[in-house]
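One chain, subunit A, appears in both complexes that follow, with subunit B as partner in the first and subunit C in the second.
The block that comes next holds the complex of A and B.
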């Protein structure tokens, strides 16, 4: 039963290593897509169909965004000098991180036996209290609707920020003096 | 526990890419890997052997349903987290495109000149 997630996770690790280490940026972006679609397949296996659908759509959109960034630019990696200090520091941090994770996982509940205290109430009384057959929808739109509102605000702010950064002209008309002077415009 | 460790290896690859690489797109890919592995970890915690998806079908009562469904709470929270990941990715991509327009490079070490 646990063989399938392990196989998909190993495939995802291979995709992640290729994405980090390859020289061509377009290949790196597409190899990161392997990880995203592997995650969505795993969500289907883990009995989370809503999230699997969302993950597929988000993965396609993020691939489009990243390919838009990489096209029309120089696609090659920077190889003037190899920064040994950064590599060694990164590897040390990664090793420490994995060690602490293994230490923490010992005390967790084992895979497949979840600790469901709040969720037990949602599962047993969700249909009566909200009238939704899909308990995930009941949680995001009824029990924790204010959380969802806050997250919608976060999404709105980030998209607004991207829009403001990417626009070609500001609202103010460009004066001759502004282009010449370097510093804070009046 | 093997599944958790394999998941956090992806997280660690993301951290390594974020620390050691100088290319901005490599750093963005590291962030994306960290997001994916965190979302996957939260769903992995809620999995139950032989469980069903938390959607009620008409032919089962709620007591039986609550004994065999997987945990719906992390699924509900991860659902919005995935979409937020797309929003932050769009913001990072926008910054990257502007930086490339201004400096004609993706190298973090070259982007250091302050201009008005």
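The block that comes next holds the complex of A and C.
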């Protein structure tokens, strides 16, 4: 029961290391995909099928986009040069992070036994109050609908940003002149 | 007229991938779309919901774009209408929230809840799922269009076609 998640975890770590160290871009993308699909299988072991479905599908779409991008380029990683200062500062900050993690995680509740103050109410009264059989849908679209609105706004804004940044030329024609001078004067 | 043109483009050998990919994609796209709608509509009963179903819809359109050339996918749903659907989904979700404000508070579940485990139940949760699904599907497809068509210089010859 507990052996399979550990094997998947080791596979994910190996995939992450391959994705960082390999020279070929396409191999790096596929190795990063191993991490994503491993996470989705782990969510199934943690009994969260909603998140597992979402993780699988988003991983598929992002892999399609990344492979589509990398197959057309020259596929070689940039030559790495060793920077001692960056390595040492990185190690120091990772060490600090781990030290604070250990300090913080000592007081946490054990894994799989969360504090059931608010969520106990959702579990016991969710079906009666919302009528939704899927308790996750009841939480994200009824009790925490305001959060979901925020997430929808985040996606909406990112689409706006992508459309504005990715387009090559503006809506104005090339021959048209600016009616007002704005910006830094030359 | 438009239908006939799309039919011609599907069978054009110069557009898109090989015959094998096209045949499999033609069978799969309808099933993927159906599965996406199932995930969205049954979101309040089974695992899934608006976001997951919306991404499945986006994947169906992405498969269409990869298998049968960019031209055909843009004929089916171009960047203008993708962003219109995106905006409509967002607007529907916010309007649902504001109707709830009329009955109690923002995002109030104002519709009759019905009997649990039935398709028509849970008040406004299925409606919100549909709004989010349309929004997310159109948005992710729009991102794929954006990465695909923007950034290449469209010649005047292509524009006139």
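Simple rule for what comes next: the second predicted complex is superposed on the first by the 171 of 186 C-alpha atoms of A that agree within 3 Å, B and C clash if a C-alpha of one lies under 4 Å from a C-alpha of the other, contacts with A are read in each partner's own complex, and residues count from 1 in each chain.
Methods note: a residue touches a chain if its C-beta (ideal position, glycine included) is under 8 Å from a C-beta of that chain, and two chains touch if they have at least 3 such contacts.
Predicted, not measured: the structure shown is a model, and the values here were computed from it.
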A:130 in the overlay: touching subunit B, subunit C, both, or neither? Say first, second, both or neither.
second
Examine A:89 and indicate which partner it touches, taking first as subunit B and second as subunit C; both and neither are also allowed.
-> first
In this superposition, the partner of subunit A with more touched residues, subunit B or subunit C, is B
Practice prompt. Pick one for A:149: touches subunit B only (first), subunit C only (second), both, or neither.
Written response: second
TODO: Considering only the touch criterion stated at the top, classify A:162 as touching first (subunit B), second (subunit C), both, or neither.
DONE: both
TODO: State whether A:140 touches subunit B only (first), subunit C only (second), both chains, or neither.
DONE: both
Name the contact category of A:60: first (subunit B only), second (subunit C only), both, or neither. second
Ask   = Should A:97 be classified as contacting the first partner (subunit B), the second (subunit C), both, or neither?
value = first
Subunit A residues where the subunit B and subunit C footprints coincide 49-50, 54, 58, 61, 65, 68-69, 127, 133-134, 136, 138, 140, 148, 155, 158-159, 162, 166
So, in the complex, the side of subunit B touching subunit A is made of residues 1-17, 19-23, 25-26, 28-30, 32-33, 36, 39-40, 43-49, 51-57, 62-63, 65-66, 69-73, 75-91, 93-98, 100, 106-107, 115-116
Touching subunit C in the complex, subunit A uses residues 49-50, 52-54, 57-58, 60-61, 64-65, 68-69, 127, 130-134, 136-138, 140-142, 145-146, 148-149, 152-153, 155-156, 158-159, 162-163, 166-168
In the complex, subunit A touches subunit B at residues 1-2, 5-6, 9-10, 12-13, 16-17, 19-20, 25, 28-29, 32, 35-36, 39, 42-43, 46-51, 54-55, 58, 61-62, 65-66, 68-70, 73-74, 77-78, 83, 86-87, 89-91, 93-94, 97-98, 101-102, 105-106, 108-114, 116, 118-120, 122-128, 133-136, 138-140, 144, 147-148, 151, 154-155, 158-159, 161-162, 165-166, 181-184
Residue set of subunit C touching subunit A in the complex reads 39, 43-49, 51-52, 55-56, 58-59, 62, 66, 79, 83, 86, 90, 93-94, 97, 106-107, 109, 113-117, 121-125, 128-129, 132, 135-136, 139-140, 142-144, 146-147, 150-153
